[in-house]
């Protein structure tokens, strides 16, 4: 008999539905709707229903703020976003201001995929909670994996010229230097985001540098065009990526990079039990792949926290979320109190032909990502410089 | 340029007082009609857009300069404004927040003086292409110079700084709205005044026949250049206000899309009349902010609206309005209103039908999984059942059919009235 | 072979031609005279299908009203506009080429005929027509239309801006046309050559034909001249 | 027929052409033209089509730059200067094909042309409506041109004759001392022409006038002296009677038409 | 020998890449310049027709196979273009250039949405036919024998470094060779069309005095429709080839959107040769600089040992490497050309 039982919690989803990341956003909003049913009502200890209200921010920070205003007008107190760390930063800033200027009307921002470490370090906020693992954590896992790969000798960094890409390059160099001093960075490039039609010149450059490994945060066509060009030019290096799974990439990838493309993520297609059922159900329902696992984190965390706080009031819920520990699809997770960065298990997966054991094939490409390594939260955990300002 | 002389409008010109008074009143009362925070931001954005679109029309409508890079000046103005605001916040600069937009204006002016010098050397297509190039340059620069442009995340700030002047902190949106409203009114007045000055008129002359201008003592290049700088100044003010409004400035503000939007909507509003861009600006905010909240098909609608507006109302909304005003002035509007009623009625029907189909198509593609039902204008459409489709098609066809009929009738009546008006005018001239 | 009957024409809503009727026989030169704004150019344009009119324009028995300009041209009517309308970006020679309806076919006329008639054009044949002098442009339009080998040619104020000597040349040119069996509708307002070359004179006023007769009759009729030509 | 006024014959030179050449590509159009026009004189330039009359005007008015030679306005060299600079020094021209501001009203057209001379330049801090002098001058000009009835009509809606009148108006509005008119009466009926010559006489009263014409009536009605340009050279420059008598002119230009008519 | 293998062959490969991407640009800009110069229309939907071409090519390939599709797709796109000209563009022609430009603007929106409605919002698997898969040739660079060219794909052992010799192979894909071939054919065909036929003249005449051109017996409307149609068809052809060479997705239009205008203007409006030169120039400009990691700072430091470092004023600018600056170079070129040679490189007239 909880106070808030049966109450409906509205979550404003502020992400792109049009433009470059439209497809990614579409997939994610579907994920949110799907799990609102699964984890709403009886699905969570608090017994609250969840309702997702999508707003198209066209990947623009400014538009995100307008959307936020609209959401707040509709009395929505919970906001989620993930595509584009720029928009994320803007939202954190706006939420801070709003909560400061409108006491009693506080809003919580639950970040599902924006992975810029700054968001939980220099820019960290009491009202922001990140359920994805940030670039540095993923890089930790990636490098730990590469540590034992002796054939990784010469690394080339090729990234999109925007926050996410910059971060990947930055942390690759930092962490690698620590774990594999012998590895040598033979080159680095930043290319305009989704502007490059022809990656051949970059590939030629990589070949010339004699690199055997490429680390990239690229996604979508930027990733597939890159691999396509690599194949054509006969570049046989390994690719370590962040977003091989996001909508559109598998199709574009196809047979290219069979066995040579690795992805780091906090989930993968072949998680056992409940996850498999959901994966297939989602696939059937939307004819798409479920890859934004953080959605499950978000609902579960909210349920737990609301139960604990016996209320849906963001202020109380925020307090309850801090340091919250619970069990999720990738094992025990913790919302670290010091910076509101979720601590969780990470996986390394490899792109290869789907087989009996790993049968699920994203976008029916006949290929899949198979887990090749798994790292406990502590492995990938990175320190934070966050000085959290908590409302007194 | 704000010499007081521009403010003594002809005292005896009642009409003008009414119009400007009305404009001020609208700006004043708008927030009491639309009170929600969202509405307020929309209104604020409209105010900003009005300034920028009017400034753009100085080039397009008055100077015949087709610029593909106007966002550059609004945007750079915005950046300078936000950096200034941060300075103020850091206490390294003592400037009341209400004056920050002026810094943006000066910024716009400065960059217009710099980049405009090369752009305005030429006119016509050459000018258009240069502005496009300059625009792309600045845009790509914005990604290469995160120090100034803040990279993808942009530069954010806090407008609640310094000690409040008579209780105004600009924290609450409504306070900022009124700041924007004041700027909007003053800038509009100034830009209108500009059209009444020697330079303003010569600008029209340059648009119509640059060659002859050279033979009555003026340097066309100089005229274009000065006009370009003035436009840059107002654009910058607009940008500065935008910066205050969002408290963040990201690279998109200098992007080609923005520039494109200014061009498109100024034209849609009507570049041939001074007030056209005002309508355009309002439409722009509605289309880009509101429409995308209402439907996923907004881009399609936008595209279609442009196709048809350009085809059937190349003068933009403003010219439509003015044509009807003319009819009214000759006291013949009463005769047309039945035709109009029919036009709107049938047109609405057609649109409802078309809209329903578009929405259903999109629903099937994007949200089929959420079940077949789609909320549309209060009704619930089942995108699976044949009946709904037949229904929609039926509504559309009937609508279109009737519309075509009424349109013909309307066209006839319209033609007649115009004819009579022509005669009337000829008669009056004859006297 | 051209019969115009009760022709009305409008610009937008302003009624310019009020029932013009006239006929042109094969091989004759007819002068259409009148003051500014009397509607001569409009008459010609309407025949050419550049202004839509009501009434009837029959050409060799076929109705022309409602036809497109290029269809009319292909039926053998040539038109020389009053404001020259040469193609400025093309060379003189190319302008003449465009006179031909079908590449290389100019029937009765060859480039040399043209250059022979106006040597000045031969000198300039490779310059952009846009930079030609006023008079040269006038010569060019005349020739360009001829290259289309029309049976009837309607010429709107050909002597305008021409040096007296060239004016005489144009007179020559018109007689040459006649010799080759081409009928001419000559729109003029100065009597200069009209009276010399034409067989019949039509006088237009306020969109109507107000006088028809031989040059001699017109010369004789001082009243009509005062009323409809001079001020 | 007016003859050279004694006043003019003594007056200093307004426009001087000294061995001016102009060629386009390899074709020479102006071949060492010599001409000296005194202040207050009315000079008509005649010559066969393509002789270079308009080109000559283009050179003097700064639309074209001479290949070689000197052009002086009130003794000051102006060749190669921009049109607006030359105009500011007191020389204005009209065009063979009307060259107006089609989308501006007749009034606006003229007012644009008076602005610079009244020193308003690029002012954007003054209201046009407050510029009493400019508006009065404009109205007075409209009256002179008999266009005051059409004051608020857009230039593009004027009839041909009216457009020609406005063309002249734009030329003289700036109050320039030297006025160049290129075939001002082209395309007008006899009647209008006579009226128009009268008009030109009025508005260019006391100024230096150069005009190109093919209509001998106009030429003899308007000019004190006539310059004959043939193949880019001035072959004769004298009083109408003398020119008319000159056999070279007869042969090069007038032909026999002169015998009949006028 | 000390020199690392792969210097020369890399250079050659880079040049080839530059040329091939330049030639693709030419396929696009040729159509654009055709429409631009002859109708005076800035066709902002041109890149969209390129995208449509790719998608239609993809769809047809499924039905009739690639090679027929390669022919049919451009025709379909051309027909669409002609239809648009007839139905919409023609109406606004009399309103002047800005409306013409804006209506194509609107069209580009509509085309994008329609394509996404039909084929979805992500890329489609449009793969080259077997004949065009794999490499055309391989450059084998050996530290001993130097460089040689092997047709097709060089066997792996040829590329394996051995104890004594360092080897490196760079392959050049078939699709690109094909692309270059078609582009050159296109150049010849167009050149013939424009210089060997009168149609070019008629169009230019219609630009200034359409009425007169009609009065001389030319069916101007039909000609204009043809021109616009063929322009779009060219874009369509480029689309099919670009589609298999790169990737077929909605954003493929936006990527080339404004660069093709640079090409047309730099080369010189209305000049086919200009479009060609411009394309190659821009193509090289987009690719070659990518291989240079030097920045102004490094340059100055190396030349005069100017101790430029993060502390130096203007460091953010000096720091940018040529590789990073590559995307803006074409626009820089555009602006400079327009200021110093508004006609464009081989252009005949301004704007």
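We just call them A, B, C, D and E in the order they show up, numbering each chain from 1.
The working rule: a residue touches a chain if its C-beta (ideal position, glycine included) is under 8 Å from a C-beta of that chain, and two chains touch if they have at least 3 such contacts.
For each chain, UniProt lists the protein as follows: B, E = Branched-chain amino acid transport system permease protein; C, D = Branched-chain amino acid transport system ATP-binding protein.
Values in this document were obtained by computation on a predicted structure and should not be read as measured data.
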Path length in steps (a step moves to a chain that is touched) from subunit A to subunit D: 2
Chains in simultaneous contact with subunit B and subunit D: C
By mean Cα position, the chain sitting nearest the middle: B
C-E or B-E - the one linked by more C-beta pairs in contact: B-E
Farthest chain relative to subunit D (centres taken as mean CA coordinates): A
Inter-chain centre distance, subunit A versus subunit E - centres from mean C-alpha coordinates, in Å: 35
Distance between chain centroids, defined by C-alpha means - subunit B, subunit C (Å): 50
Approximate Å spacing (C-alpha centroids) for the pair subunit D, subunit E: 52
In subunit E, residues with contacts to at least two other chains: 324, 327
Contact pairs between chains, per stated definition: A-B, A-E, B-C, B-D, B-E, C-D, C-E
Subunit B - residues contacting subunit E, complex: 60, 66, 118, 121-130, 132-134, 136-137, 140-141, 144-148, 256, 260, 263-264, 267, 271, 297, 299-300, 302-307, 310-311, 314, 361-362, 365
Residue ranges of subunit A touching subunit E (in the complex, touch as defined): 20, 22-23, 26, 161, 187, 189-190, 192, 194-198, 200-202, 204-205, 207-208, 210, 221, 224-225, 228, 232-234, 247-248, 251-252, 254
Complex contact set, residues of subunit C against subunit B: 12-14
Residues on subunit D engaged by subunit C in the complex (per definition of touch): 24, 27, 46-51, 53-55, 96-97, 159-161, 183, 186-192, 194-195, 214, 216, 253-258, 261
Contact set on subunit B toward subunit C in their complex: 415, 418-419, 422-423, 426
